[in-house]
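The two complexes that follow have chain A in common; it is paired with chain B in the first and with chain C in the second.
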Partner chain A sequence: MRALRPTLMVCLLLSLGLGGCSVVRPWEREALARSDMAWEPDPLEASLDSHIRFSKEASLSGGTAGGGGCGCN
Partner chain B sequence: MSRGNARAARRARQRRRRERRLQRRSGGSQALRALTTSALALPGLAERAAAAGAPVDYRADYRYARYSEDAISRSKVAVGGETERYEIDIHQFRLEAPIGQSFDLGLEVAHETMSGATPWYVTPDPNGGDDPIQVMTEATIDEARTDVLLSGNHYRDESVLNAGLGFSIENDYMAYNGSLGGERSFNEQNTTVSGGIGFSYDLIEPEDTNLFPERPDREDKQSYSLFAGVAQVLGRNTQVQTSLTYQHQRGFLSDPYKRAFVENSPIPDDRPDTRNQFAWLTQLRRHFRKIDGTLHVDYQFFFDDWEMRSHTIELAWYQTLFDRFRLVPSFRYYSQSQADFYAPFYVTARSDGHAASDYRLSPFGAISGGIKAETRFQTWSLLWDVNVSYQRYVSDADYALESVDVENPGLVSYDLISAGLTLHF
Partner chain C sequence: MQRRIQKLRLALVALALWLASASLASTAPAIELGQPAPAFSAPAVDGSQISLTDYRGKVVFLDFWASWCGPCAQSLPALDGLRGEFPDSEFQVLAVNVDRKREAARTFLRRRPVGYPSALDPSGEIPVRFGVQTMPTSFLIDRDGVVRHVHRGFRPSDVPELRRKIQALLAAGR
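Showing the complex of A and B:
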């Protein structure tokens, strides 16, 4: 039970208003494994969009820890 | 069972076997591809809520994109100034390759060429109007940039370790970056935690220093990044991920090609030499089986110690049609406040000496919308994905969440078209 506590806390925090948390088994992951369920389904598109926004706006692009270069006109 | 019924049953069995074969070749491969898609991107957030296995297929991507910034309105530009802005062509190439049972390597190369005029500084309206005037660079600028990133993953039972090394070259700019990250799944792979660190060293050697002696000959900056995230499966059709990213920058953070109009004179752009930025990103993915569509919702809150705040919300709908076509309409809203030292122009100089009139540091909002069409086909044992997309981005002070007193005349809008090809082999 002690080991489950962090998991339950995470579920609670993440699932507020989203219908709760349940364990999904590997054979139930057909939809989760779809390409359109990926966080970034098209990596080149995501990389380009991120670079263009970096050159037009002042915000940091969250979720990664790398990258560099300017190309800021 | 009659002979006709037996034949029909046999045909049905053969059809089901054919479908299963196709599913294994296409759907199965698609599922695997989904598990590995962007696994070779920069070390970052978990690819999905459960740690992915090592890819078994090679994959090559090519993408061409062109974006054109709208010409700046004649009424916003100083008399005789250039109104045409940048046209940018970008070629991207990416290759990912499995190495043995538990490693993969990825190489991403981007090359972009830029041509056009760019905002230089802002002055009050010489005719006494309320709206400031943009002074553009005097000549069309031609530039090129090449960016190379090598990355790799090591897959273990419940975890993935990743690393990346890259560099970016322009005529006057050089950047080196590296990163290390990892993710670990637990709770029967329903929960994945991820984290990483990154470093970038940027060196700038501005051009035309003989014509503009105020430009420095050589400056540099360093960026240190740190992020941590957690992804959670919320059901058979839903997953969510949230992360915090921190970046510390130090060194030359000004723009050597820009000026600010201070006490009736244009002086070099001057910004603080440190910056601490935080981004909180949350992403939701939900698939709707009955209509074969998937909803993407992303929200990011950003703030930094230049007293900038921003909110970004992105929505996309992935609609699959006839199994092999997909239409993806998307929408994005962005709003930022201004940096504390920013002003369109300065009647009196600031006591700390900072001065910047760059539209990127100004308060504004931006709305963008796009549509993308994708299809997949197979020739022999090769699987091809082809896509085309269009995006329109418009920024305006009126779109900002908070009211803006004076709009920066340099705000940019653009059209982006692109076409991409992916080959799995």
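Showing the complex of A and C:
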């Protein structure tokens, strides 16, 4: 029984974690559809911000493409 | 002894994983074309009762919508336009609102009034029966109550295709 203890602990933790799982159906996404729940509430402002950032930060590449630091963007 | 413990350990982990997957994989299957539309009866926004079977004999366009759903703000006026293109005696647009708060649906309809009835289903039982997978989803149901087309999502450019499908069903039932 003692040898099973770690396994039991893992299973207990797994099943405790299950309490946080639930299926959110498409018609239950009211809160998720709110604009303040989006990753980027304002896409235009976010793209401007990221452009300013990657054109100033020499060590950073651009938002998507590789490279950077050449001052050519 | 060692081997038995090993087996028990495996069994325990398998059980935990099975429980985890069972709790996640509980979505309803989508309804398939050619199947009869599940019957439902629900109160409408205006207080009357809406029953799908009352519309047997007409081609029915059944639309699931919610006040928070972005494309629905476009689809409701577009469907109201489609409704006006066909005779009331042959074609009916029906809607099921799935807002948890009934008042949200009423406020939305006050701002964007439409000429077709909306049933209220705050508990979300009707979309489960239809296996709705995205918002909005619409079902085109023929005169015999059979689902002939499922339309997921909505863009204004979808309207010509929907019009063709409705025309085809109206012509087929004559």
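Here is the rule we use: the second predicted complex is superposed on the first by the 37 of 73 C-alpha atoms of A that agree within 3 Å, B and C clash if a C-alpha of one lies under 4 Å from a C-alpha of the other, contacts with A are read in each partner's own complex, and residues count from 1 in each chain.
One rule holds for everything that comes next: a residue touches a chain if its C-beta (ideal position, glycine included) is under 8 Å from a C-beta of that chain, and two chains touch if they have at least 3 such contacts.
Keep in mind that this is a model prediction, so the values were computed, not measured.
Asker: Any idea whether chain B or chain C touches more of chain A?
Answerer: B
Asker: Between chain B and chain C, whom does A:I52 touch in the aligned arrangement: first, second, both, or neither?
Answerer: Touch partner of A:I52: chain B, not chain C.
Asker: With both complexes superposed on chain A, which partner does A:W27 reach: first (chain B), second (chain C), both or neither?
Answerer: A:W27 sits against chain C, while chain B stays out of touch.
Asker: What is the contact status of A:M37 with respect to chain B (first) and chain C (second): first, second, both, or neither?
Answerer: The answer is first: A:M37 touches chain B but not chain C.
Asker: Could you tell me which stretches of chain A are touched by chain B in one complex and by chain C in the other?
Answerer: 7, 10-11, 14-15, 18, 21-23, 25-26, 28-30, 33-34
Asker: Quick one: which bits of chain A touch chain B in the complex? Just the residue numbers, please.
Answerer: Touching chain B from chain A are residues 7, 10-11, 14-15, 18-26, 28-48, 51-53, 56-73.
Asker: Hey, which residues of chain A end up touching chain C in the complex?
Answerer: My answer: residues 3-4, 7-8, 10-11, 14-15, 17-18, 21-23, 25-30, 33-34.
Asker: Please give the residue numbers of chain B that touch chain A in the complex, ascending.
Answerer: Checking each residue of chain B against chain A gives 30-31, 33-35, 37-38, 40-50, 61, 63, 65, 67, 86, 88, 90, 92, 94, 108, 110, 112, 114, 116, 118, 141, 143, 145, 147, 149, 164, 166-170, 173, 175-181, 186-191, 196-198, 200-202, 204, 223, 225-227, 229-230, 232-245, 247, 255, 277-281, 283-285, 287, 289, 294, 300, 302, 304, 308, 310, 312, 318, 320, 326, 334, 336, 339, 360-361, 366, 372, 387, 389, 393, 395, 412, 416, 418, 420.
Asker: Mind listing the chain C positions that touch chain A in their complex?
Answerer: 5, 8-9, 12-13, 15-17, 19-20, 23-24, 26-27, 64, 66, 68-70, 98-100, 124, 127-128, 132-135, 137
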